[in-house]
Structure formats: C-alpha cells, structure tokens
Amino acid sequence: MSQEQMERLKTLLPDWLETSRLHTSQGKVASYIPELAKSSQDALGIFIADSQGKVISAGDCGIPFTMQSISKVFTLILALMDHGEEAVFFNVGKEPTGDDFDSMIKLELVEPGIPFNPLINAGAITVSSLISGENPQEKSERVLQFFRKLAANDKIDYNLAVYESETESGHLNRSLAYFLKQNGIIKDPVDDVLEVYFRHCSIEVNCADLARMALVLAFDGVDPCSGEELIPRRYVQIAKTFMITCGMYNASGEFAIDVGLPAKSGVSGGILTMVPGQYGIGLVGPSLNKRGNSIAGVHLLERLSKEFDWSLF
Amino acid sequence: MSQEQMERLKTLLPDWLETSRLHTSQGKVASYIPELAKSSQDALGIFIADSQGKVISAGDCGIPFTMQSISKVFTLILALMDHGEEAVFFNVGKEPTGDDFDSMIKLELVEPGIPFNPLINAGAITVSSLISGENPQEKSERVLQFFRKLAANDKIDYNLAVYESETESGHLNRSLAYFLKQNGIIKDPVDDVLEVYFRHCSIEVNCADLARMALVLAFDGVDPCSGEELIPRRYVQIAKTFMITCGMYNASGEFAIDVGLPAKSGVSGGILTMVPGQYGIGLVGPSLNKRGNSIAGVHLLERLSKEFDWSLF
Amino acid sequence: MSQEQMERLKTLLPDWLETSRLHTSQGKVASYIPELAKSSQDALGIFIADSQGKVISAGDCGIPFTMQSISKVFTLILALMDHGEEAVFFNVGKEPTGDDFDSMIKLELVEPGIPFNPLINAGAITVSSLISGENPQEKSERVLQFFRKLAANDKIDYNLAVYESETESGHLNRSLAYFLKQNGIIKDPVDDVLEVYFRHCSIEVNCADLARMALVLAFDGVDPCSGEELIPRRYVQIAKTFMITCGMYNASGEFAIDVGLPAKSGVSGGILTMVPGQYGIGLVGPSLNKRGNSIAGVHLLERLSKEFDWSLF
Amino acid sequence: MSQEQMERLKTLLPDWLETSRLHTSQGKVASYIPELAKSSQDALGIFIADSQGKVISAGDCGIPFTMQSISKVFTLILALMDHGEEAVFFNVGKEPTGDDFDSMIKLELVEPGIPFNPLINAGAITVSSLISGENPQEKSERVLQFFRKLAANDKIDYNLAVYESETESGHLNRSLAYFLKQNGIIKDPVDDVLEVYFRHCSIEVNCADLARMALVLAFDGVDPCSGEELIPRRYVQIAKTFMITCGMYNASGEFAIDVGLPAKSGVSGGILTMVPGQYGIGLVGPSLNKRGNSIAGVHLLERLSKEFDWSLF
C-alpha cells in the first residue's frame, strides 16, 4: 500500500504544491523578528520521508529556515528525557489556552500561574530552563547535538543573524520570562534561560531535516533507518498529543479537524508533521495566515490528508 | 487479539474498578443543578461493548443518569447532518478555550464573538439553535429519536425533574444565551433555544446506552451490530476530534496525554469514550474532580488505557 | 461674582455652543437602541440654572431626550434613601472598572462577583432591584415621582417607544441581569428588575429638567428655590463622588482632569453636571464620541470649565 | 476657623490615632520587597502642616520610610514640567483601571497598549522614562533635588538597601517594562528606566516630609511658607485629580466616597494627602489592608474627614 501511495504522492505533489502556492499571496511573511522578514513570500516546499529511506520532494524544499517554535517540541522531549514527566509538568501544564501564543493573561489570572502548555512561548521558555547543563552554552550544545542526531545531520547549526535579531528584539519574551521568574517558575537568571531559548529557535534546517526528525516521531522514537531508539516512546506520545492539541497556535483545533495529524509550525513558515507509522514530513512556506501558520502549507496538508485519509480520527 | 483482550478486561475490571472507587471520596457530586446533588457520591460503573455484541460491565453500571454535556457531541452531529459543516462552523469555532466551560470572557473579548467550540456551553447552546424543526418541541423530539437510535434503545427519555431543575436554576446559561443573541449568533427566541438545550442535557441513560452510542462513533458512524450507517463518517471524525481537543472540560489536554481516547464527560459524572475500531465505553461516577470530570472514572480509564495501550498517539 | 459670571456666560454661550456644534460631525448618534438612532446628529443644547432661579440657555435646549444612564445617579440615590449605605454597598462596589460600561469580565473574574460600581450597567441593574416597592409598577412609579420632584416638573414621563425599543433589543442587559441572578446579586425575577431598569432609562426630559435636577445636587440635596431638603446630604456626596470617578464611562478620568466637575452622561447624548454651590447644568448633543459621551457637549463643558475655573481640583 | 480646627485636631488626634492603631493587627506588612518586611507592624504616625507653619503630629511620625508609589505623583509632575501635557499623555492614559496596580492585562487587551494612568506601575515606569536627563544618574538626581525642594529638606536621600532590594526582586516591574518596550511606549533601555524608577521609589522620608510636600499641592503649587511657585497650578490640578481617581490603588473609589481627599499611598504604609487650601498631611502605618493601603491610616483619615467635613464632594 505504502509503495503505491508513494507513487501517487510523487505524481500528485508537484501540481498540488503549485496550486497551494497561489495562496501565498494572501498571507504575510513574519516581520516581528527583522531577520525573518527577509524570507521569500511565495516560497513553498515539502519533503516526505518514509521508513525505507524513500523520499519525495516538491517545490522550494532546499531553502534553509530557522526552526522557531518547531524546536519547542524537541526541547520538551529533551527536558522530559532529562527530568521525567513529573518534574516537567510541575512547572508547565497540559492544556490548550485559546489565547495568543505570547499572551500573559492566563499567567496572571489562572492559579498557580504556570504556563498552560509547553508549546506557547511562556511554556517553551520554562522548558528551556529545564534542559540539563552547567550553563547556557552547555545546555544549548546539548540541544543542538540532540537535534543533529534526530535529523541525522551533523551540519545543522544556528543561524547567528537570526539569533542576534531575536535577542535584540525579543522584548515580549523577556517580559514573559520575568513574569515567570516572578511566579517562581524559572529559577535560573532570565538572560541565561533566554539564551538557550533564542538559540534553539534559531537553529537552521531545511525540509529534509524536518522530515527526518518527524520520521523519528512517526516511529515512536526509533529511527527507522538505523533501528536505534532515540527517544523513549512515552515522550514521543506526549509530544504527539501536544502537537494535536496545541501545535498549530490558535488554529490547532481547526487543523486537528481538517488535517488530523500531529504537527508543529513555526513563525518562519516551517511545519513539521507526520503520518504515524508511515511518513515524516517537513514543509516550508514563509507566508503566514492570521493564526501564524504557513498559509499555503496548511492548504497543501489539508488536501493531502483528505486525499489519502491521513487523519488520526 | 480482541477476544483475548476481552478476557483480560473481564478478569481485571472488577478489581480495578474497586480500586478506582476509593478515589470517589476525594471528589464532589455536582450541586449547581439541585436535582443532580442527589446522586450517590461513591457510585462507579463501567460498560464496554464490542462490535460482535459482546459486553463487559462492572460496578454500578445500571444506575440511570442524565447525559448533560455528553449530549453536546450528538447534537453537534445532528446539526451537522441538518445543515452541513459550513453553516455550523459559521456560528461556532473549532478551538479549545482554556477557560471554564461556562465562561463569557472570550465571547466578549475575541472577535467575532462566536463561541470557541461546540462543547462549551455557549457553543452547545448555539448548536441547539441549529437543530432543524418547526418549534422547540419538534427539535427536541428529533434529538430524542436520534439518541434512541444511536443507543438502540427506544425507552430512553427525559428526566423531567432534572429538566425542570435546570430550567429553573439555569441563570448562567440564560446569560450566555442572551449574550449570543446580542452578538447575533442565535436567531430564535432565547427561551426556545434553551428549551431544546435543557431538554437534551436531561436525557436519561445508563452506562450500556452510552457504550452503545460510543460504539457507533468507534465504527465511524456505522452501527456494527446492524451494519447500518447512522452518521456520515466525516461528522464522526469531526466529533471525535473535538472529543480529543475539548471533550473533558479544562482537563482535555491532560486526558489526551494520559488516556489518549476521544471522550466526553458530563456534570452528572458520566463519561462516553471509545477505542476506535474496537469498543464503545460508557462510564458513570458522580463524584467529580476540580475540572468537573468523574474523579474515579478518569482514574480507571487512565489505568485501562495504559495497560492496553489504547492511546491514539 | 455669580451675578457677573452669569452675565459673561450669557454673552459667551451662544457663540461657544456654535463652535462646539461643529464637532458633532465627528461623532455618531447611538444606534444600538433603534429608537435612539432617530436623534438629530447636529443638535446641541445647554441649560444653566442658578439658585436664585436665573437661567441661561443656548442652542437646541428644548428638544426632549431620554435620560438613559443619567437616571442611574438618581436611582442610586433613591436606593440609598430606601435602604441605606450598608445594604446598597453590600451588593455593588465603589470602584471604577476601566472596562466598557456593559462588560461582564469583572463579574466573572473578580470575587465576589458584584458589579464594581452603580453607574455601569450591571451596577445600575442591581440598584434597580433595590428600589422599594411591591412590584415593578410600584417601583417604577416611585422612581418617576422622585424624578419629577427633583426636576420640579410633574409632566416628566416615560417615552414608551424608547422603553419598548430597549425592552426588545436589550439582550446584553438581560445577559448581565441573568449573570447577576446567577451570582445571587439580584433576588427578584430578572424580567421584573429589567422592567424597572428599562423604564427609568426611558424617562424623557429636556435640558431644563436636567439642570434643575443637577441644581439639587449642587446644593447638597436642598432645592435652593424652595429650601426643601429632597435628598440627605450624605447621599448627594456619594452620588457626586461616583460622578467624578465613574460618571463619564471610560472617559471619566479624562473628564475629571479636563473639566473637573461631577457629571453623568447618557447614550442619548445628555449630560447632567453642576458647579457645586452655584449651578445646575443640563446639556444634550446626541452625536457621541468613541467613549459614548456627547462629543460636542464635552468640548463645550471643557471650554467653560477652563474659562471659569470650575474644576473641583 | 482654621485656628479653632487646629486646636480641636490637636486635642483629638492622639486618642483617635491610638484607636486606629488597634486596626494594625488586622493588616499585613508588605513582604514582596524583602527590605520592607522589616517594618513595624503596629506603627502609626501622622503629621499635619498648615500654611502658617503650624504643625500637629501624633504617634510614630518620626520613623523613616520609603516613598514607594507616593513618589509617582511627583515624578508625574516633573515629567509634565519637563515635557508638557500633550507629550506625557501621548504615552500614558488618564483612566482608572479596576485592575491590580501591577497588572498586565489591559496592556495586552486594550489598544493602543499604553498604561491606563500614571499611578499604576506600568504608567509610573513610563513616566520615569520621560524625566529629562542625559542618563539614569542625571534623571535620578533631578528627581531627588525636586523632592528635596518640595519637602524643604535637603537631607532627603535614597535608602540604598531598599533600592537594592527592589532592583533584585523587581521581576514583575521588569516584566512590565519589557512589555512597554515591546509596545514602543518606552524608548530607553529597560534597565536605565528601571534604575530611575526603583530609585525614586526608594527615596526615604518621614511624615513631616510628606506633609510638607502635600502642603505645596494643597496650595496649588505654591509653597505657602516661602510664597514661591514650585509647580505650575495646572500640573497640581492634574496630580490632585489622579489622586482622587487612582491614588489609593483599587480602593480609590471607596476612599473618594469615604474620605474624599486627594491622596496617594505606598506599599511602605505611607499616605500623602491634603485638605486643599488648608493642610498638608503625611501619614505612615506599614500594616496594609487587602488593597495595599495602610489599614489604620485609612481608618484614621476617614474619621478625621467625617468629623471635619473635609470631603471635596
């Protein structure tokens, strides 16, 4: 079946991608991090990898982009591997918020003032503070090595221009971090925590890297190519569940209904998603819809999911 | 496999249920509808049905209880069958809220003032207004007949004492409904809409009924006993997705991580859930945790899901 | 001094009013109560009365308009006369909200769920429920007689078209009232309370009536013409304080800084204000600014207050 | 009259102060700035100064305390003197908020994201950024000199232990400041702005100093002893109006009704208030009520205002 599906995918994908690309004109490239504003408005690329090492790609799948919020999935996994479920979820909740990803409202209004989930900014900053390591450099290095291993690509590295751009313009993340500090949620100095956070957000990948990382999740933590377990299955399960309930910002519910796959998007236009047990998928399309997700990417994924009946539900 | 699992379930369930029952003392029976406050604090029952007509039950699975919020799943389905996706989702969103199920905040603060999803009260009241029918009586009758068919039980009926209790004490739902009226979301007179809403909340069932209704969802809308399609598959998919993202009040995210099954709970202590492709499950335990879900029921479901690896993720 | 000031006022007022009238084009007549939308966009009138029975008027001061929120000042006073400070302020607070006058947010979020003050809608509805009387008719009649006495005008009456319009379109006030009912703040049936509320909002007056009512407040509750004490001084003090802190919707703070007089505005474009110890002032200008106050009226009052150094501060 | 009132005050004050002091046991000394927690729970002192240089004092009026939020009134005045009304109110509003003094909610929810008024923390931080000066040191020095002149006391200085304590523990103020930076409200580096802010909060005074500063406001900006105009009258008017609408945290409305005087309190337990045209009053009582105001101080001021009919209203 998968073989046949791969063939049909290979045939359909180029045309479908071009159709979806037309939607890029209705979205907007993120501008709040100056360096991101340089992305190409009409770019769109996708890369699909299966467990036998077969791959399909279409469009601008070679362009590099920073992971941004997509990295939050994997820092959560690393924090879980470092400290276990109980310690992590003592500091961050498991619920969708219905608010903007950078909102402070629930931190102020809802006792006990912990972030609602690890995929909003406040939660991901908290998770960054839970990565093991003597100092921000060591923590960041561990994150980078973990990402490299998952992507099976030792060349993955930070985009320093984006990192500096985020550090300079990240007033709202600083505001969130000091609020968390006030609530006793983060213990380390704010600047140290944000260094780790801004660094993992600015790790640069391409669609193939994302697809490969997704493939590990699609196979419950085992790299299907090497057979090596890179992540305990339970932590993959937790990550995939959050990707369904909170992975696509305030359109997570809609994406779950219309696509039905675990996914995480980033403000750079990247989306990491997967068909569990089958494929890892990496996508990029910097033009964003109002909810902050790649406008053309969501369109393409919805069409693919409906055609191939990929929804988990 | 299923045969063997049924055997193990049959063996384990009585003991596990008694262990879970111990948790009932740490919860509280809902008191905001006076009639509900009469429920038994330490009751706990579960009923599991498979597609071959085999059933397993344990505990107080014969006690009757009103569906309350569980009914929202099926009125959503009926409204979708009556009007289609587009019309329904013009008036109600697809996103979890992170707020209380009866909150008005997002209606006031978030444009365009439609309820965030059909499983919070504001959303379910809106859905009630979308059931076809000339008048509240006709709409309510259609709902009742639909529920009877899904449960394969013609005896299902309203608990009139509960209905009257809700009508009398439902000031907050009235408040929500008038707010929706103000925002132009509901067109019919508020009292008419609430009659339908209060009626379907007060439909009385037992665990076997819930299990049978769940079984239809577990088999994508087809009654596996008769082979008849009762619900189009797409609407089942929508319903199951909402049950994952919003089915367990403000503990939906946690339930998705710890149990991983589509589920909907009610303030009466009922929970309807399913193992897709395998079982329909009905459960009742009136003692509620702080999030409004059956405290012992959630405990039991988590244990079962972990033991039998039922999570979708 | 007052004599001389009256002369200067008489000379300046007609020109100044015409200058202020130019601002009416930048505002908007309220449309949320259909009957109000019929008001004249460019009307502006003012009436000033002193304690010796001297009066000055300018512009369209003869046009009738409904009191709307201006009535809230006097129902508060009547409730205080009926039940005393303690009983009234057990059910309604004394603080400005910073939210819209019809907001529900603080009712939901801030314990114990009582309205923040008697001049927002939720507070005024609560106050309406505290007017003594056997039934809504009797309560309404007492309100009307009280207003007639304060205005020294027995002809004041309801505008029934407006009353009916408000009753029909007042979904948001119904929503607020049911929320208050839920919180236990109002005891009587919601429809009874709203009848009283909608009635006093739709009492029709002109600028002279408002000026006369204001004069009683300006002289601490004593009608300076008859010498009769109509309101205990303490309740006038309370009313005037609320008019400073909450009288002009979400522009109360700005009005206090720029005009500095106790005032209450209504959505009909009316403003009642006073120079304590000197004048009662009634004004109407249906074109409203974004905060819901008469755009030309505020302009004119600011100019007068600066010229004659009327600010209390 | 004033002479006679001074005599009565002198007679009554010692007893009344002791009665009010009994209330200190029902409050709590602020602990969020560690250094403040060392204050004496049962201290209470008051100092009243008139325009002829006569003074009355009672209780612990000699103890030193830091100005905290009381300083916000005078930095507002200095910013107004530096830049004028228009520039200041382009960056900060004029409305009470109804929220906590350190809340971020309205910054996030209400366009255009400027602080609602200059007496909440966000507003006062913004005002600190508007003090003229080349650098934080120069700005702070100008503030200190201004305060010394108003208090006619060259010895007034920073309490460096408190300053350092606030700098170290001021995470929430940092959070607010970065939010303001994000919204473009403050232009200077956050650390520079907060240095000025934390410094003026930690200026140490006693009741006599506060009374003297208040006296200048009570006489419209003119030091009644020297006859020198220290503040333009309009800026005093603005300051006094804010003290009525927002000076006593979320009990400003209540204080206006029950005391009726312009006042500003600080978390150290200080209150600066005045009887316009008559007295300047300084008070300290570190035990705070739930709204953050000196519990015994409010009690004493209410009794005095009622006895001597001091309310402006």
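Note that the chains take the letters A, B, C and D in the order they are written out, and that residue 1 is the start of every chain.
What we mean here is this: a contact is a pair of C-beta atoms (placed from the backbone, for glycine too) under 8 Å apart; a residue touches a chain by one contact, two chains touch by 3 or more.
Remember, predicted model here, so these are calculated numbers, not experimental data.
K.L.:
What's the overlap between the neighbours of subunit A and those of subunit C?
P.N.:
The common neighbours are B, D.
K.L.:
Tell me which chain's centre, taken as the mean of its C-alpha atoms, is farthest from subunit D.
P.N.:
Between subunit D and the rest, the longest centre separation is with B.
K.L.:
Subunit B-subunit C contact: same residues or different, taking over half shared as same?
P.N.:
same
K.L.:
Averaging over Cα atoms per chain, report the distance between subunit C and subunit D in Å.
P.N.:
So the centre of subunit C lies 32 Å away from the centre of subunit D.
K.L.:
How big is the gap, in whole Å, between where the Cα atoms of subunit A centre and where those of subunit D centre?
P.N.:
So the centroids are 48 Å from each other.
K.L.:
Among the residues of subunit C, which are close enough to touch at least two other chains?
P.N.:
Within subunit C, the residues that touch at least two other chains are 109.
K.L.:
Looking at the whole structure, which two-chain pairs count as touching?
P.N.:
Touching chain pairs, listed by label, are A-B, A-D, B-C, C-D.
K.L.:
Using the touch definition from the top, list the residues of subunit B that touch subunit A in their complex.
P.N.:
The contact residues of subunit B facing subunit A are 93-99, 106, 116-117, 237-238, 240-242, 244-246, 250-254, 256-257, 260, 262, 276, 311-313.
K.L.:
Would you tell me which residues of subunit D are touching subunit A in their complex?
P.N.:
103-105, 108-109, 171-172, 174-179, 181-182, 190
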